[in-house]
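In what follows, chain A forms one complex with chain B and a second complex with chain C.
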Partner chain A sequence: MKCRRCREPAIIELRRHNAGFCRDCFVRHCREQVRRAIDEFSMMQPGEHVLVAVSGGKDSLGLWHLLRELGYDADGLYVGLGIGDYSESSASYARAFAHEHGAQLLEIDLVDTYGFDIPEGSLAARRVPCSACGLSKRHVFNEAAMTHGYDVLATGHNLDDEAAVLFGNVLRWQTEYLGRQHPVLPAAPGFVRKVKPLIRLGERELAAYCVVHGIDYIVEECPMAEGNRHLGYKEALNAIEERSPGTKAAFVSTFLERVHSRFVDEATGVRDDLRPCTTCGSPTPPSAAGVCAFCRIRARATGATIPVTAS
Partner chain B sequence: MKVVLRNPKRELDVPAPPNVGQLLRDLDVVPESVLVIRNDTLATHDERLSESDVVEIRPVVSGGTA
Partner chain C sequence: MKCRRCREPAIIELRRHNAGFCRDCFVRHCREQVRRAIDEFSMMQPGEHVLVAVSGGKDSLGLWHLLRELGYDADGLYVGLGIGDYSESSASYARAFAHEHGAQLLEIDLVDTYGFDIPEGSLAARRVPCSACGLSKRHVFNEAAMTHGYDVLATGHNLDDEAAVLFGNVLRWQTEYLGRQHPVLPAAPGFVRKVKPLIRLGERELAAYCVVHGIDYIVEECPMAEGNRHLGYKEALNAIEERSPGTKAAFVSTFLERVHSRFVDEATGVRDDLRPCTTCGSPTPPSAAGVCAFCRIRARATGATIPVTAS
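Moving on, here comes the complex of A and B:
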């Protein structure tokens, strides 16, 4: 197979683009896709201080590398989730990347800072682990970005992640979530701007990007994610993609172009009603009796009492 | 040839098929869900294989999105 651009031998085939790419053209392709996503959705401006949520996996390390290559002032944030050897191993990949590239990595340990880990939080809150983990990470990422004065928080959600989330939201017609599913969540009182610059790249491209740059990342899957719903959605979507290349990209891009705006009001209404959590000050819905979901998990996991106000 | 699989990491010894694409079909692996790394370099599906090759089939699908 030849590179579509320069006719040198290809190292990767991307059926979605009906093309193969050599190493250099593939790297250029990845940079162009991230640049296009940033520009198309006005994600960030040159000179802004960016915090990249880093897990030690291919997506977040690839994103950190790409943003730095594109000239952004990007630091990393690693959150220790307390998932045994997996967390220790993933932290070592994040630290190694920061060391090798002379980048700044902030670290926050859930146990040291908040008194509980994800297995405990999940059990105490009777939530599936990925739900407790996602909720906790969103809270800690936002709090850290606000506290340290970053302009924007960038996460490594890629095209496959967004397609799987969209698939799940459509299957259950979760219209509020559909209104919120967008590559940019603008800043609001209590919220830093959140962006997803990898929306135009699939996870196979991110893994390949890391391999060609010699970026070591944790290949093992989180032990707590086994059997999670999104993995099932990805499997289904990949089976469809195999028969019809380009389906995932069309699914997500068409949603953003033609459908998302129809549900924005539902998400906006919820965001407008938020009030400060009585425990931590983070925005929280009035239905939560004054205490945000993260503080409720923390209280259940640590046995702490929390002040609850009438809604 | 030697095939390295992940999650959990393990190795298989298999007769070399004609190319990478055939190897994935033989192992019933969806190409969209993996990278194929032959002798430490990415390999496209039409690349020919030989008995002396070491090929890693590395999954790229990660979960936990919440």
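Moving on, here comes the complex of A and C:
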């Protein structure tokens, strides 16, 4: 197979694009897809101060590299979740990348800063680990970006992630989540702008991008994620993509073009109703009686009293 | 395992309902689900003249039996599609059911009446067989019901079918199809009312219902359907249902409750624009230049000229 652009031997075939690419044209393709995603959704402007949430995996390290290549002023944020060896190992990949590329890495350790780790938080809150972890990361990412004055927080959600999340939201028709599922969540009081510049790249492309650039990343899945629903949705979509390449990309892009707006009112309504958490000041829905979900988990995990106020 | 209702030994477990049923309570369950579907969506009234489209398979024969048990005046309609031995065999099951139950079976043979069969139509129209077949059946079912003065046409689409079709429509976000995906399509000029009373029953339940009643049905899939997308969607949903029983039922019912209405304008708009086909009089979109898709297939397959008129 030859490269679609330059006719040199291809190193990767992308069935969704019905094309092969050589090393250089593949790198150009990845950069171009990120540039187009940023432009299409007006994710950020040159000169803005970007914080990239990095886990040590291929997606977030690849994103960090791509944003720096595209000329963005992008620092990394690593949150230590306290998931044993997995966290130790993933931190070392993030640090190695920062060191090698002369990039700035902000580190926040959940135990040191908030007094609990994900296994404890998950048990205490009686939530599945991925739920406790997701909400904790959202909270810490946002707080860190706000505290340190970043303009925008970028996360490494790729096309496969977005398709799987969309599939899960669609299977249960979670209309509020569908209204919020967008590659840009604009800034709002208490919220930094959040963007997903990898929405046009699949996980296989990110893995290849890292290999091509000699970026070492943690290959293992998080041990606490085993058997979670999200992975089941990915498998189901992969089977369909295998038969009909391009299905995932069309699923996500057509949703954004033609369907997302039909659900946006529900998400906006929820956002408008938020009030500051009485403990940490984060925006919190009125149903939470004043205390945000993160502070609840933290209080349960650390044995502190939850200071519930009349809402 | 014991029957949830009467504590006798169960003959079937329905994980989606977290219940087992004995023979009698299972039959009652099936009847009850059909009764509830008919009521919930006001599908039909007692005394109406119902035409059931029967293929010789478990769903349509089960439906025919269930509607008669529920006291509806239901005749059968069998359309001979000319798919070799498969059509011969499926016709014999439909006839045997009618004979055994003293029910009226209307038969229409595609070749005798319209001059072509599905293999020819599919080739001539360069459509995949399931597409040519689906549109031909829709046309013939509607024409037969209108010609013979039936109030309503009932089809044997079950919960698994509806979930797979919904999944396909969602993957490509076919907004017009989503607006039309409903267990009742009301009557309109040129269209009989169409209903899907099996929307609350899965295919496993229909198979068991037929076995319990000694209803013989054709077990083979249509040989022309092999490898079609719909079957891929079913497999993907089955894998998810296996992990989380009830996912399919929630996917379909929540869509109908909370989402369908967001797409209904598109479907209504299309329906309002229909004009009579210049060949057969069936409602036809203006983009078809006067001739409906069925008459086009028929003309191509039989070598007749398509009488295109200025629209």
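Following the convention adopted for this analysis, the second predicted complex is superposed on the first by the 311 of 311 C-alpha atoms of A that agree within 3 Å, B and C clash if a C-alpha of one lies under 4 Å from a C-alpha of the other, contacts with A are read in each partner's own complex, and residues count from 1 in each chain.
Here is the rule we use: a residue touches a chain if its C-beta (ideal position, glycine included) is under 8 Å from a C-beta of that chain, and two chains touch if they have at least 3 such contacts.
Treat the numbers as computed from the prediction; the structure is a model and nothing was measured.
K.L.:
Identify the partner contact of A:A225: answer first if only chain B is touched, second if only chain C is, both if each is, neither if none is.
P.N.:
In the superposition, A:A225 contacts chain B only.
K.L.:
Between chain B and chain C, pick out the one touching the greater number of residues of chain A.
P.N.:
Partner touching more chain A residues in the overlay: B.
K.L.:
According to the stated criteria, A:A239 is in contact with first (chain B), second (chain C), both, or neither; which is it?
P.N.:
So A:A239 meets both chain B and chain C here.
K.L.:
Is A:H139 contacted by the first partner chain B, the second partner chain C, both or neither?
P.N.:
neither
K.L.:
Check the residue A:R68 against both partner chains and state whether it touches chain B (first), chain C (second), both, or neither.
P.N.:
Neither chain B nor chain C is touched by A:R68.
K.L.:
After lining up the shared chain so the two structures overlap, which partner does A:T247 touch, if you call chain B first and chain C second: first, second, both or neither?
P.N.:
Only chain C; A:T247 stays clear of chain B.
K.L.:
Look at A:M1 in the shared chain and tell me whether it touches chain B only, chain C only, both, or neither; answer first, second, both or neither.
P.N.:
Touch partner of A:M1: chain B, not chain C.
K.L.:
So in the superposed three-chain picture, is A:F255 touching just chain B, just chain C, both, or none of them (first/second/both/neither)?
P.N.:
second
K.L.:
Pick out the shared contact residues on chain A: the ones touching chain B in one complex and chain C in the other.
P.N.:
Chain A residues touching both partners: 235, 239.
K.L.:
Along chain C, where are the residues that touch chain A in the complex?
P.N.:
170-173, 175, 229, 232-233, 235-237, 239-240, 243-244, 247, 250-251, 254-255, 258-259, 262-263
K.L.:
Once bound in the complex, which stretches of chain B touch chain A?
P.N.:
Residue positions touching the partner: 6-7, 30-35, 37, 41-47, 58-66.
K.L.:
Using the touch definition from the top, list the residues of chain A that touch chain B in their complex.
P.N.:
Touching chain B: residues 1, 10-13, 15, 20, 57-59, 130-131, 133-135, 157, 160-161, 164-165, 202-204, 206-208, 211-212, 219-222, 224-226, 228, 230-231, 234-235, 238-239, 241-242 of chain A.
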